[in-house]
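Each of the next two complexes has subunit A plus one other chain: subunit B in the first, subunit C in the second.
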Partner chain A sequence: MREYLISVLTEGAIFGIMALGLNVIWGWSGDFDLAYYGYIAVGAYMTLVLTVGPAVAPAHYILGLTLPYPLAVVIAVITSMAVSLVVGSIALRHLRGIYFSIVTLGAVYVMYVFAGQYTPLFNGYQGLSGLFDPMGDWFGLDYLSYQYFLLGLCLVLFALVFLFMWRISGSRFGMALRTLREDERAAAAFGRDIYRLKLKGYVLGAGLGGFAGALFAAYLTAFNTSAWSPVEVIVLYSAVLVGGRGNIWGVALGVLIMGLLVQESTRFLPMLPGLGELNTVHPQVLLAARGAIIGLVLVLFLRFRPQGLLPERRFADSEGALAVAPQTA
Partner chain B sequence: MHDALLTLGFGIVTASILALSAVAFTLQYGVTNVANVSHGEILTVGAYAAYLVHQRTGSAIAAAIAAALAGGLVALAMYSSLIGPFIRFGASPTVVFIATLGMSFVIQNTLVIFFGAANVAYTLDPGAPRQLGPFLITPLDEEIVVSAVAITVVLFVIISRTKFGKALRAVSQNRELARVTGINATRIAGATFFLAGLVAGYAGFILAESVGSFNPYFGFGFFLITLTAAVAGGLGRAFGTLAGAVMVGLILEFAQTVRLPGGSYVSASYNLAFAFAILAIVILVRPRGLFTNARRSIFE
Partner chain C sequence: MSGPDTSPALEVRGLTKHFGGVYAVDGCSFQAPRGQVTGLIGPNGAGKSTAIDLISGFKLPDGGTVLFKGRAIEGLAPHHISRMGLIRTFQSPREWPGLTVLENVVMARWDAGRESFLRGVVGLARAQRDRSSAELAKAREILDEFGLLALRDERAGNLSGGQKRLVEFARIRMAQPELVILDEPMGGVNPVLGERMALAIEAFIATGTSVIVVEHNLPFIERVTQHVIVMALGTVIAEGPFESLRSNQDVVDAYLGGAVAG
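Moving on to the complex of A and B:
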């Protein structure tokens, strides 16, 4: 039970960093980006190829270095940002709305297909493994104390990212991103360089995704195409939406609700009276029930409470009138 | 030369399935102005319905009818329970896009709960391949192509010759003006979804037949290619979409005959990547589709 709690909380902290990154792109900048999970995956794959050492046949992958974990994380984040810079500079230049979403969906499927099929890159669908307890031997930790260490590390990093996002949220940059979401033309009329601003926000968000991916790799110790799928991003979107799009406190609440409550409570469904035979049907049934519930919650919140449980604070001018129009997606 | 003709033969099979799916998608887009991301699940449901009925009755025709009906009902349910209410509530196209993506997640996972995530083998005897003109084609492929062409013809007669088709086109072009002239836009949109669902459900059936197996995620994968065809041809434009589907279907087949520098062929697994490369180029160069002459940007 204790180990279960540790693992759930570690995953929750990592999930929280992912959601905070997504909030920059969708919550503030207002773009429904479907490639986001790709940047998480790039972060995870890069961390692995930089730390696990050279490939042993029949495995194939690039690099195969044995760098210290923190250095690998930094390089992984930079790689994620570079990939997002390429995708973003193509997709953000002229496209908005569903056309932007469609192109990013395409981008992430290209990444997914290449990661899974092109073996010389990341060993194809078998993926990478062997990242055991990074930094553990620096402190001479055994298996259980390492779990505590990783949990503490992820919580501290989540807190730092949260603090960073809190600073950005009220900064001129954060405000400028929100103006793009509300009215791009008005922002342009005030002399904002829309494309550069959006691209900055996009790369920042993707960098956080890559960072979370690097931690995710340490948590999972391995990564392959069955560990991620482009549509997983829906879970992150549901967390941001339920909590309150654009409000980082809301995003944290959303992660607690969708990431911990919904995700973990489905695990206990078979314990309810009358549902005991559920997990004897077939192994994926609980996972699927979780997915269906998350999709349903997403749809219901979009329809009945699009501002989320903790709505973003509206900034009023000195006359007391609302400074921004009602939120549109 | 002979190889190229063989590829063309396979390409026509792919293209005719793609054409049904893409035209159905573009009709839905036309009457609502929103992209239904859960379109692929109509195909999946069609395939499962066909499989179940085929197991019970053993008749391929009953299976085809079941696939179409199931598809039509699912599409109608999608419109009346999700897309219609969102539009009336004034949601933006992006919000409906997200909502239908959520819906697609719900349907996929519900199918997993009932049928499991494993592949279901669905192989009909394709019959012995025979030479038809320059093509080597099996009777099963022949049925697929002939039925797809027949359905497309019927669909285009409905759109261009009947009163319902006229109303459909009116709602597609300008919903408000159509309503002013006394057309019940909601009812026309619902009927269009049902019609599109019939076609898409049948497309799911022939796709499953042609691939030989399917699972709950199978429609979503094909939806991504459908989207490419529809966007390439012009979203909401039935004739353009038809041309786009034929083009994308042929390109995907021919892409597999390209030899890599090492002498090996490009694997079919890269199909999706190819499709999206086409899509990205089309959206960036001609966002309104290849067969339109409008110079306007997508912002208008």
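Moving on to the complex of A and C:
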């Protein structure tokens, strides 16, 4: 039970960072980006190839270095941002709405197929493994205390990212991103360089995705194409939507709710009559049922509460609160 | 103190835009005097809206030039033109619906320094903070002037059509551009509000903003403008004070659908 709790919380903190990054792109800039999970994957893959050492045949992968984990994380984040800069500069120039989404979906499938099929890059579909307890021997931690250490680390990092996002949220930069979401032609008419501003938000979000991916690699110790699929991003979207798009407190709440739902659904689903036995014959049934539940939650929220449980709060001037942004008053 | 600037606020020469074989704007030339309200009228399809899009950078012209502050601005991106001090509105109000009325007004003023990502992280410098609070006070003042102060914390999307127009005017006051182009500001506005908007346009002039107003509502044009430009079939067919146009046969024909080509 204790180990279960540790792993759920660690995963939750990582999931939270992912969702906060997605919130920059979708919550603030307003772009429904389907390539987002690709940046998480790039972060995870890069962290592994930079830390696990040279490939031993029959495995193949690039780099194969043994850098200290924190340095690898930094490089992984930069790589994610660079990839997102390429995708974003193509997709954000003229495309909006569903057209933007389709191009980003294409981009993430290119990444997915490339990572899975082109063996010399990240060892193909078998992926990478062997990142055991990064930084653990610096502090001489045993297996269990390392789990606590990683949990603490992820929680602290989530808190720092949350603080960072809290500042951005109330800043003029954050407000400018929102003007793009609300009406970008008006934003341009009042001096905003839509393309550059959107690109900044996109790369910032992807950087957070890459960061979460780097932590995810440490948590999983391995990464391959079965650990990620482009549709995983829907779970992140559901967390942002359920909690409250644009509101970082809402995003945190959404992560809590959807994280628990996803975790717990694998426990309560087999108890449903018939589903348990069916799953022993067709092992994909539980996974599919989990997907269906997430889909149902998404549809219900879109229909009945599209603003989420904690809608984006605006600054109330008449209540004496800080108007527009903590920075402006 | 130098003497008053007598150069036109905007000069358009031979502006042309075609969509396939259709010339939406066809060699359009005019000047908008500084410190005045210039009306731009013409029947539907005359090319007024396309001309505005070309001037403000939202569409690329196929030919011609647009001079603003001594610079040719045709082909520049909309945000460049806006930053130079030429701001336009749109036929339907384009408020930022999810932001409050006050935020809509405050964010009408663009500022590279305060809006940078870095400033978002490290916070504003003292001088920037002072500027922000001064602007906030200014925004409240402007909203008070438009009778919107009580609504300042309301999301702009919840306002009525007329109120949204006023928010748009308040944003212009906040941005204080050198020239504003208003695209059919009277669309869907009742006569009482119309008088308020006429006063607001006078206030633009008083605060140093020259105005071009595109409008179908001719009594409104007569009320607010000193100079009127009439467009038909993509080009300027007449200009002058409104009274002088009443007797102009070309203008009458254009509005009644008669032939103007010739």
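Heads up, the rule we're going with is that the second predicted complex is superposed on the first by the 293 of 329 C-alpha atoms of A that agree within 3 Å, B and C clash if a C-alpha of one lies under 4 Å from a C-alpha of the other, contacts with A are read in each partner's own complex, and residues count from 1 in each chain.
Methods note: a contact is a pair of C-beta atoms (placed from the backbone, for glycine too) under 8 Å apart; a residue touches a chain by one contact, two chains touch by 3 or more.
Everything quoted here is computed from the prediction, not taken from an experiment.
In the superposed model, A:163 makes contact with neither subunit B nor subunit C. In the superposition on chain A, contact of A:191 is made with subunit C only, not with subunit B.
When the two complexes are overlaid on their common chain A, residue A:5 makes contact with neither subunit B nor subunit C. Of the two partner chains, neither subunit B nor subunit C is touched by A:71. When both complexes are overlaid on chain A, the residue A:298 reaches subunit B alone and has no touch with subunit C. Contacts of A:182 after superposition: subunit C is touched, whereas subunit B is not reached. Legend: residue contacts after superposition of the two complexes on their common chain; A:285 is shown touching subunit B, with no touch to subunit C. Once the two complexes are overlaid on chain A, the subunit A residues touched by subunit B in the first and by subunit C in the second are 328-329. Contact residues of subunit A toward subunit C in the complex are 164, 167-168, 171-176, 178-179, 181-183, 185-194, 200, 204, 246, 312, 314-319, 323-325, 327-329. Those residues of subunit C that touch subunit A in the shared complex are 56, 58, 77-79, 82-83, 87-90, 94-100, 102-103, 106-111, 114-117, 119-121, 123-124, 129, 132-133, 135-136, 140, 152-153, 155, 171, 175. If you check the complex, the residues on subunit A that touch subunit B are 32, 90, 94-99, 101-103, 105-107, 109-110, 113-114, 116-117, 231, 234, 237-238, 282, 284-285, 287-292, 294-296, 298-299, 302-303, 306, 328-329.
The touching residues of subunit B, counted against subunit A in their complex, run 34-35, 82, 85-86, 89, 91-95, 97-99, 101-106, 108-110, 112-113, 116-117, 220, 224, 227, 231, 267, 269-270, 272-273, 275-277, 279-280, 283-284, 287, 297-299.
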